[in-house]
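Below you'll find a set of structures to go through.
Next come two complexes, and both contain subunit A; in the first it sits with subunit B, in the second with subunit C.
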Partner chain A sequence: MLELSNVRAGYDEIEVLHGVDMTVGEGEIVALIGSNGAGKTTTMRTICGILSATHGTITYRGEPIQEEPSHEIVERGIVQVPENRDLFTNMTVMDNLLLGAQTADAQAKRDETLEEMLELFPRLAERKSQRAGTMSGGEQQMLTLARALMGDPDLLILDEPSIGLAPQLVQEVFDVVEEVHSQGVTVLMVEQNVQQTLRLADRGYVMENGRITMSAPGDELLEDDGIVEAYLGV
Partner chain B sequence: MPQIDISVVTFPLQGGGLDRFTDPLVQFLTDIANLDAVLLQLLAFGLLLGGVYALTALGLTMIFGVMDVINFAHGVFLVVGMYTVWLVSESLGISPFVGIPIAAVVLFVLGVVVHVLTVEPILEAPQQNQLIATLGVLLIIQSAIEIVFTPDPQQVQLSLGSLQVGGVFIPLGQLYALIIALGTMLAVRAFLNSTDLGRRIRGTADNRDGARYVGINVKRINYLTFGIGAALAGVAGASIALFQRFDPFTGETYLINAFVIVILGGLGSFPGAFVGGLIVGMIQVFGGYYLPGTTAQVLIFLLFIGTLLVKPEGLFGGADA
Partner chain C sequence: MSTIESVRESYRDFDDQTYAPFVKGVALFGFLAALPYIIEIDVAGMELAATLSLKVLILTVIYAYTAQAWNIMSGYTGQFSFGHAAFFGIGAYATQKLLADLALNPWVGMLVAGVIAAGYGLIIGFLTFRFKLKGHYFALATLAFAELLRFVVVNMSELQGANGYFKPFPRDYGAEYGLLAFQFQSDLPYYYLILGFLLVVTLISWLIKNSWIGLYFFAIREDESAAASVGVPAFRYKMLGVAVSAFFTALGGAYWSMYFNTIRPDTVFALFKNVELLLPAVVGGPGTLIGPIVGSFIVTPVSEVARTTFTNINGLDRIIYGAFLVAIVIYSPRGVVSWPSRARALWNRVRSTDSNEEVNN
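Then we have the complex of A and B:
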């Protein structure tokens, strides 16, 4: 479904990704793990067209997308939950949700999806008219997830969706990811919560210093001594 | 009743001799205490002028709010609006009121062209680059108008007369301009709040990266915003032409006041532009009457500097375009 081949990218003159190769198959949950500064968020931003790849190719369903602007990538069905949420904080919860549905397909079933989201996230239903910036961190994270799902994604990219959340909310986020995946959405996720993520994931990639250094099924990575020592604090 | 020209170029309110200006505060308080008719008259003029000022600032604040671009060409966009309504009425014999929407369309197209040719290629560059580029656009268009139409002042031939309400004199040209300003502001507000496109524009103003993540075509929003901002300048300029003579340089004073209004109200804020417009309009009218010379304009600049020092985010804090 998604394939990155020798992708290089970065910020201004500083190259962060030094040739990343990875694939995500249709219907999979794929995890990308690595320490801070390894290049995980840069990878996510490059896939979504927020950053430009300076070298290499990114193909989605067989077509190159590395030169497409972000709105065309969303139009193809790739939607991201960004690490820092990037909500429209001065706008209401309802505005944020409606803005999530930009593609023709998403707009065609906007009302239906909106109803589903308000059922899935009852807290958002209670706060429809509240400004997004005035909500708690947990509520904002739920709104970011719901906004992405309003885009009717085929591939959902989650960048640290549980960062800074209380344990109960972390579980809620993982429950939502499982629920979305069970409905046929492919998931690529970056997560600090490595153990829980690898349990959920079909496959995982380990990233170090802008390169993929290991790739294996999630349960195999969980049993790898190096991974356990580096990321699970054991 | 004295004839008062509420243009920003000249403000010759006769007040009864130099001594009248030596103690403006005492005079002002005395007028309030006596409920002097002149006070009501000045309030009416302040409202009329403030409403038009607010309209001149609307496009500027919108472009800044969405794109972070300080558009120096805004003043000359006003002037193009003035000349458009004048040309339409003088050459084609069409009512100047019909010329106003025509000016909006002309300026929308001009705004999009200016954006595509000059702003878009340097949108990600440091802000001073856009500032210089739009200043260049101002000079080019201003010179072009001067070459084609000469620097001589022009005037729309329109005799609208005036109303007398409870002893207050209201020139109809200014009144129509105020009504157009209020109507335009309400229409833009409704457009931004109630349509999908308006919501996308507000979203882009709120968080550009967020807009990209949800799939908004930010590039398209940019040129539409620049076009709409220019169209608002066109409506403002065309409305001003209903009651004021103009030349290729008339936009400069309006541009400066529009910057003060935008800073005072809060960059990107529509309510801020309205309230800021009223405040600047009132200062100009009351200051012009009670204070000597161009003290009112000095007061406006003091307000500008004071706002930047004390409340740099402005009265309404911005991000409400």
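Then we have the complex of A and C:
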């Protein structure tokens, strides 16, 4: 479904990704793990067109997308949940949700999806007309997820969805990811909660210094004590 | 429950109704329509009209109109333009040039002028948004584009250089005084004409605000990179904001050129015109629908009255503009329309400390 081949990218003069290769298959949950500064977030941002690749190709369903601006990539069905949440804090929960539905497809079934989301996240339903910035961190994370799902994604890209959340909320986030995946959405996620993520993921990639150093099914990576120790900081 | 609270409660119920904006609009514009008569009412031997003439009212509504147009771009999308005189001047000049050379009816010329201004806005937008100019840099760039036009016009004999244009008589373009000619022999019809302009631009502003376009504009204003990451085509919508705003600002310039007798580069393209065009929106409340109108009714009459009363102090009106600008930016960046809610918050705080004291006692 998604294929990165020898992708180089970075910020201005500083190259962060030195040739990344990875694939995400239809219907998979793929985890990208690695220590801080390895280039995980940069990879996500490059896929989504927020950063542009200086070298290499990114193909989605057989078509190159590395030249496209982010709104066209969203149009293709790739929706990102950014690490820093990027909510519109002065706008209402409802406005934030509505802004998630951008493509023609997503807009066509907007009201339907909206109802589903309010069911899936009852706390958001209670706070529809509250300003997003006045909610707790966990609620904001839920809103970010719900907003992404409003875009009716085929491929959902999650950048550290559980960061800074209480353990109970972390579980809630993972439950939502599983629920979404069971509805046929492909998921690519970066996570610090390595154990939990790898248990959920079909495959995992380990990233180090801007390169992929290992890829294997999730449970294999989990069982490999050396990897868990060396890369995952457990 | 106190009476104030019950009044507020019933107002909130009213506000939830779908007809509320309509009722408010009719009330506001009804009041504005009656204003020329209200100022002539004799109260205890004093007429408001003695200080507040119809001319000042016209100017006030002109600046309410242009501020409303400025607000669509700068208030809604957050791209602060300091160069709207460019569009205003284009509106005035294109209308007069077409009138002088081709005897083109000002109503048609005005629309042509609007399209030219929108085009100039798109050029400015393309150059600045492409290179991601933001905040102060964007404001300065727009100012440069406005000043550029002033220099060009001053030096172009095809546009009469520094002399400018003198408004022709209706018979020069085969018309008679009246609506069709865009010229009247008294001020009152001029007042209702600009009030009509204000109504149209306010209506359009309201429609934008309550549509998808408005949602996108606000998202861009709030956080452009977040808007881009959810898939809002930010560049396209910023361009739309500039074009719409420039178009309507130019119509304001066209009106100006048909109301006053002459236009010159140092009036319609003046450096200070940039301030006059945006200040009412900033004072009233940028990004709100009513702010630009409220703001103009605060700023314009005060500075006009000061200018005509203290004729021996040159530039007093500008000092007043400056004082307004400084005061509002420092003390109330959300404008005068935010005062009621701020007062309420203050009142609630005062009351809650009172009740706390009671508990402590």
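In the analysis below, the second predicted complex is superposed on the first by the 230 of 234 C-alpha atoms of A that agree within 3 Å, B and C clash if a C-alpha of one lies under 4 Å from a C-alpha of the other, contacts with A are read in each partner's own complex, and residues count from 1 in each chain.
In this section, a residue touches a chain if its C-beta (ideal position, glycine included) is under 8 Å from a C-beta of that chain, and two chains touch if they have at least 3 such contacts.
No experiment lies behind these values; they were computed from the predicted model shown.
Enquirer: Based on the shared subunit A superposition, would you classify subunit B and subunit C as clashing or fitting together?
Expert: The answer is clash.
Enquirer: Touch test for A:89: subunit B only (first), subunit C only (second), both, or neither?
Expert: both
Enquirer: Which holds for A:103: it touches subunit B only (first), subunit C only (second), both, or neither?
Expert: In the superposed model, A:103 contacts both subunit B and subunit C.
Enquirer: After superposition on the shared chain, which partner residues are touched by A:147: those of subunit B (first), subunit C (second), both, or neither?
Expert: A:147: touches subunit B and subunit C.
Enquirer: Is A:80 in contact with subunit B, with subunit C, with both, or with neither (first, second, both, neither)?
Expert: Both partners.
Enquirer: Could you say whether A:119 touches subunit B, subunit C, both of them, or neither, answering first, second, both or neither?
Expert: In the superposed model, A:119 contacts neither subunit B nor subunit C.
Enquirer: Between subunit B (first) and subunit C (second), which, if any, makes contact with A:71: first, second, both or neither?
Expert: both
Enquirer: Now for A:26: first (subunit B), second (subunit C), both, or neither, which partner does it touch?
Expert: Neither subunit B nor subunit C is touched by A:26.
Enquirer: Overlap of the subunit B and subunit C footprints on subunit A, residue-wise?
Expert: On subunit A, the overlap between the subunit B and subunit C contacts is residues 48, 50, 69-71, 74-75, 79-80, 82, 86-91, 95, 98-100, 102-103, 147-148, 151.
Enquirer: Would you mind writing out the residues of subunit A in touch with subunit C in their complex?
Expert: Where subunit A meets subunit C, its residues are 48, 50, 69-71, 74-75, 79-80, 82, 86-91, 95, 98-100, 102-103, 147-148, 151.
Enquirer: Where on subunit A is subunit B touching in the complex?
Expert: Against subunit B, the touching part of subunit A is residues 48-50, 69-71, 73-75, 79-80, 82, 86-91, 95, 98-100, 102-103, 147-148, 151.
Enquirer: Spell out the part of subunit B that touches subunit A in their complex, as residue ranges.
Expert: Within the complex, subunit B touches subunit A at residues 196, 199-200, 202-203, 206-207, 209-219, 319-320.
Enquirer: In the complex, go through subunit C and note every residue touching subunit A.
Expert: Residues of subunit C touching subunit A: 215-216, 218-219, 222-223, 225-234.
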